[in-house]
Structures are given as C-alpha cells and as structure tokens.
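What follows is a pair of complexes built around chain A, which joins chain B in one and chain C in the other.
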Partner chain A sequence: MLKVYINTETVTVNDKPLVHKEKGAALLTELYRNHIGDYPKFFKMDTLSKLGFVASELLLQAEGKPRFEPREDRAVIFFNKSASLQADTAYQATIQDAENFFPSPAAFVYTLPNIVTGEIAIRNKYFGETSFIVLPDRDPQIMARQLQNAFLDPTTNSILGGWLDCTDENHFEAEIYLLNKS
Partner chain B sequence: MGGKRMIVSVAHNILSPLGMTSAENYAAVKASRSELKRHEGLWNLPEPFTASLMDREKVEDVFSEIADNKRYTFFEKIIILSAKRALEQTNIDPTSSKVLFILSTTKGNVFLLDKRETGFPKERVLLGVAARQMTEFFHNPNTPIVVSNACISGVCAQIEAMRNLESDAFDFVVTVGCDVQSAFIVSGFQSFKALSMESCKPFDANRTGLNLGDAAATIIYTRKDKITENEWVACRGAIRNDANHISGPSRTGEGSYRALKTAIGALNPDEIAFINAHGTATLYNDEMESVAIERAGLAQVPVNGLKGYFGHTMGAAGILETILSMCAIDDNNILATKGFDTIGVTHPLLFSNQNQPTDKKAFIKLLSGFGGCNAALLMAKGGASC
Partner chain C sequence: MDELIYTLKQQIIEALNLEDMKPEDIDENASLFGEGLGLDSIDALELIVLMEKNYGIKLKDPSQGKEIFKSVAVMADYISKNRTK
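After this line comes the complex of A and B, so read on.
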C-alpha cells in the first residue's frame, strides 16, 4: 500500500524519509517548491488544504501513473479531530473586534474541512465521491470501517484517504494512502 | 416486499422555529408558514440579516425537563432533544453497542471561538467532542462519527448510515443533522454577498441570495428483510465532486448530474413524484441544479425547494428536507416552493408555488455545497420504486 506521512518535523514516502530543511508552516512551502511548483493556488490555501495537497501530490507521484485524466472511480476521504480549526481561528480573528471588523470570503471558504477534498478533486479531475469525517480521536478501526464501507458505492474502485489533522499553522499531521477495492 | 434487505426509516423528528415534531413542521410548511425574519443588531453584527432562528428560551424550557441547561450549549441541547424525540417513538435501546450515532454538522459549537464566550470548555468547539455530549447523554458505548461536508452533510450522513447498516456493522443508526446560526456564520455569508435581505426566492427570476436558519433533525434507520407498503426505504445515494471550483458551482452541473444518475439507477423517472432540490436561491446554485436535472433526463419531474420556509439550515438541511419530503408523499402532496414566482433558470423545469397532488411514492433529495461536493438520495415508500 502506497503511503505518505507528514508531520511538523518528519516526511516519509512509503516509510522512506524525504530530505528537507524546514519545519512547521515553512516545511509545507519547501515541499511544494521542491516537489510540485506548478500550482500557485497552493499559496491561497489554508494549512489543512496545503497539507492535504502536498501529501496527495507526493502520494500520486509515488503511484507513478499518468496524472490529470478525468475519472469518477477514485474517492477522496479524509478523517481528523480538529475539522477546520486553523481556518476557523483565523476567520474568527477577522470578526473578533467591532472596531476592526473585516470578514473575508477568501478566509471564510476554508472554514469547512471538506474544502481540501475539493482542492484535490480539482487538481486531479476526480469526479468521484469526496468526504470528510471528524472523530473525537484518531481511531484506526473506525477509519478502516468507514473506508471499506465507501466501496459499497459501485463506482468507487480506489480511495485516496487517511488522516489529515491541523490545529494551527505549525502543527499538523497527515498519514494518507491509496486503497483499492478488494 | 420481501427477500431483499432494505434500509428503512423507523422514526424521525424535526426541531425548528416552525415546531418541535415532524408533524408540526409539515403542517406549518403545508400552510405556507415561515419564521424568516429580519434581525438588526443581533450578535453585535454591523449589518442586518434575514434568518429563521429558534427561540433559545423556549428550547431551554423544554430541555429543563430532561437535563441541566447549564451543562450543554444550545447546539448540544437541540441535537439531544431531536434524537431523544425520535428515539421515544421506538423501542430502540440507545445503550446497545448495535446502535451508532452519526452527526451531520458544518460548524457545531463554533461560537465558542469568540473570546467573550467563557461558559463552556473550549474543547467543545471540536465537532467530535460536541457529538460525544449527545452519545454520553444516551449512554451509547460507540464512538460517534461526524460528517462535515459543507451543505451536503445531511445527505452524506444518511449515506453513511445506510452503509453502516448494509455492512452489518450496526443494527440501528441515529442520524442527526444540526447547525445553529452565529456571528461567525452570518458574517461569513455576508462577506460572500450570498445573503438576501428579504425572504429567499428559490429558482425565481428575482432571487437575490439565501437566508440562514437554525434546525436539528433526526432520522433513525434500520435494516429489514420484509417491509410494509407504508415504510420508507432509503434506496440509493451518491456523492460526487464537480472538480471545478471550491466555492462556485459547475456550469455543467457535473457533480450533481453524476450524483443524480447514480441515485436514479435504472428507475423510470415517471415513478419519481418530485426532486427536492437544494434551491438556496443564490444565482449560481439554482442555475447549476437546473442544468444538472435537465442533463440527467429529469426535466419532466416536478422540482421543489424548502429554503423559503426554514432558510438554509446547513448540516440539518439534508435530513430536515428528506423528512418533510417523506411527510409530503405520506400526504399525497408535492410541497410548494415558497418564494418562487417567475422562472429564473435556463431550463424550464416544473417548479410551483402551490401544493400539488401526487400518487407517486418516490422522491430524490439533491444537495450541493462548497468544496464542489454534490449528493443525491433516492427514497421510496414501500420500496417498489427502488
């Protein structure tokens, strides 16, 4: 099973460490510049979307199949504990004070955890199922159950999914993988 | 019907400004009532807005009969109350390990991010922690799952319920959808210029945007081998992405079209009483839905939308609108699209601002949301139209 792991200090692709210099928020930008580089929309994203975008790019590069061909049979399904907390906190700061009230649509749109699934669908032309499930805590058994259940959709043959959590710009963890229908 | 295992609704409830049972809400909608009102100065917001808001004090009066009001946020109170009122119609033991709770919400207790809110632990802003308040209230031993897929969450939660029953993981799933309005949500939609200052007008030529609303709604599903003709079956659902834009609907209705095609399957469209659309009354959403419905070959099926009664209830919408659509067919009725007058989308679909009779037994619930997501669900009374 192809797998990518990223946290604030560590990056592995199929359990092999990926060389990098930066930590925290700068790590995601470094990974983008060194391994992707052709998708400037990256810089508009919230941290959860940046994390999911970079992790999915590394995963799909490791898969080594032709990219960007429209398909409906691959679902994108993530889980986490914090939903869109980083984006929510950032948006709240724009409305906290009556004297300094400047709500922004560009910030508000990311206050939904499933936006990252849409970012990955847009990048890869995936017309299949996209879903985001929030759990009280990370639970591998529940995640496995829900991912296996997703194959009950007869169109879904493959899932890009896993754990994708972010509490603030410098604290995040992704462990995502590609699953095929058994 | 017998022989084939089916996923069946065994009880439901709606809590909204129009009532505290499904029957009260259906009667109010059939009579064209709405609690959409203009609010000025509420929550210190600088701009007025029109929304359908629940009376917090009235909810506290009812909630005080079952638990201490101080222990729960308003969001938690109405998810507990709605689930409780649905469970009370059944013999289901919520303490059983065969019962799963699924919560559909977008923003839960987001108001707790406001620095002035000090009445509850900040961790209650986490959706899973909020959902745990409900499962702990019912002494349910299972970990709740929260579906948070923007405005399509309510249909996604029902699809997750169906899958957890089809796979035999559980025997009953209590599917609760809820969002409560706050300065956070209202200011965000205002910044998008998505809100209408007056009551919304789904699919109408003069529509100017959506209204927001509070609600909680619950459907309890189970799995059965044999059903009667009066039982409601959740036949098929699908979730599909536009792969186009995170906040703008697809011009080709790509995701909604694909979700509709999967939900219909081989069913003859003549058997469908109506499509209950998302119908937010924003320019782009309503246009996109008309494109998707026409493309899916459903131009001859009546279409309605219920946002003119409740506003957009976000995480509750998919469940609330599924329940009202079941109640409507139980009453041989296609509900009017309140606020609609003159067709304002490209495809001349069958919209009406009047209740209309029907003897058909199936409907489709359609939703779309930010992140390019779309969902469709086929429901059939008696299961014959599955």
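After this line comes the complex of A and C, so read on.
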C-alpha cells in the first residue's frame, strides 16, 4: 500500500524520509516548490488544502502511473477531527471588527473541510466519490469501515484517502494512502 | 497616477496571493482575467473588497467589475475618480 505521512517536522513517502529544511507552513511551500511547482493555485489554498494537495501529489508521484487522465473509479475520502478550523479562524478574523468589516471571499471559500477533496479531484480529473468525514477523534476502525463501504458501489475501484488534520499553520498531520478494491 | 498604479499592483499581489510576483511583473495595460494574470471569479470578489477596504469605493452593481477590472490602469483610473479615502 502506497503511503505518505506529513506532519510539521516530518515527511515520509512509503516510510522513507524525504529530505527538507523547513517546518510548519513553510514546509508545505518547500515541498510544493521542490516536488510540484506547476500549480500556482496552491498559494491561494488554506493550510488544510495545501496539506492535502502536497500529500496527494507525493503519493501519486510515488504511484508512478500516467497522471491527469479522467477517471470515475477513484474516490477521494478523508477524515479529520478539526474540520476546516484554520480557514474558519482566518475568515472570522476578516469579520471580527465592526470598524474593519471586510469579509474575504478567498478565505470564505475554504471554510468547509471537503474543499480539499475537490481541489484534488479537479487537479487529477477524478469524477468519482469525494467525501470528508469529521470524527470526534482519530478512529482507525470507523475509518476502515467507511473506506470498505466506499468500495460497495459498482464504480469505485480505488481510493485516495486517509487522515488529514490541521488546526493552524504550524499544527497539521497527514497520513494518506492509495487503496485498491482487490 | 504612476504611484497609484504601483501601489495598486502591490495591493493586488498581496490580496490575491500572487506568490513570486513583483509589481514590475504586472503590465498595467494587460487584461487581469483570462490571458493576462489569469484571475478567477473569487479573485474578482477579492478585488471588490480591496477597492472598498483601501479606497472606500463600494460597487453597487458587481457587473460593473467587468469594465473596471479590465486592467490595472483602468482600475487605477476608476479609483482616482471615485475614491473616498
């Protein structure tokens, strides 16, 4: 099973450490610049979406198959416990002060955790299921059951999914993998 | 006008997170959308907020943006004529 792990200080691809210098939000930008670099929309994303985007790119590069070919059989399913807290906080800051009340549309569009599933589906031309499930805490049994259930439909043969949590720019964790029906 | 154009470019870069871009990289006569800077609809909304926040200009009809946001030069001209701060 292909797997990518990223937290604020560590990056591994299939359990092999990936060399990097930065930490926190700067780490995600470093990974983008060194391993991706052709998607300027990255800079407009909230931290949760940056995390999911970078992790999915590393995962799909490790998969080594042709990219960007439209497909319906791959679902994108993530879990976390903090929903879109960092984006919610960033948006709240734009409306907190009645004297300086300028709601930011760019911040608002990320105030749902499932936006990251859309970012990844759009980037990769995935037309299958996308879900983002918010749990009280990380629960491997619930996650495994949900992922198994996703294979019950006649379309889904593959899932890009896993844990994707972010509370702010310096506290995040991704552990995502590719699962196949067989 | 040149100073306003330069300031506006800086504000656009900051508001729209145009990473790695400097004011000098933006042609003030180039289209902001489509072929030019390649901005999208959310960016257009963010430009409306920028105009209100920095220049006190409230667009009553969002469709006005199509004309006003043609280029940085057009935007600066509109701001210079309508700004309240």
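Odds and ends about this structure:
Criterion: the second predicted complex is superposed on the first by the 182 of 182 C-alpha atoms of A that agree within 3 Å, B and C clash if a C-alpha of one lies under 4 Å from a C-alpha of the other, contacts with A are read in each partner's own complex, and residues count from 1 in each chain.
The definition used in the following text is that a contact is a pair of C-beta atoms (placed from the backbone, for glycine too) under 8 Å apart; a residue touches a chain by one contact, two chains touch by 3 or more.
Treat the numbers as computed from the prediction; the structure is a model and nothing was measured.
Using the contact criterion defined above for the overlaid structures, shared-chain residue A:N149 touches chain B, although it does not reach chain C.
Once chain A of one complex is fitted onto chain A of the other, the partner contacts of A:F43 are limited to chain C, with no touch recorded for chain B. By the touch criterion defined above, A:V109 reaches both chain B and chain C.
Considering which of chain B and chain C touches more of chain A, the answer is B.
In the superposition on chain A, A:E72 makes contact with chain B only, not with chain C. In the superposition on chain A, contact of A:D139 is made with chain B only, not with chain C. Shared contact residues of chain A with chain B and chain C: 103-105, 109.
Within the complex formed with chain C, the residues of chain A that make contact are 40, 43-44, 102-106, 109. For chain B in complex with chain A, the touching residues are 44, 46, 106-108, 110, 113-115, 125-129, 131-132, 143-150, 156, 160, 163-164, 166-167, 169, 183-184, 187-193, 238-247, 254-255, 258, 262, 369-373. Looking at the complex, you find that chain C touches chain A at residues 15-19, 42-43, 45-46, 49, 52-53.
Contact residues of chain A toward chain B in the complex are 70, 72, 76, 81-83, 85, 88-89, 91-92, 95-96, 98, 101, 103-105, 108-109, 111-115, 117-119, 121-122, 124-137, 139, 142, 145-146, 148-150, 152-155.
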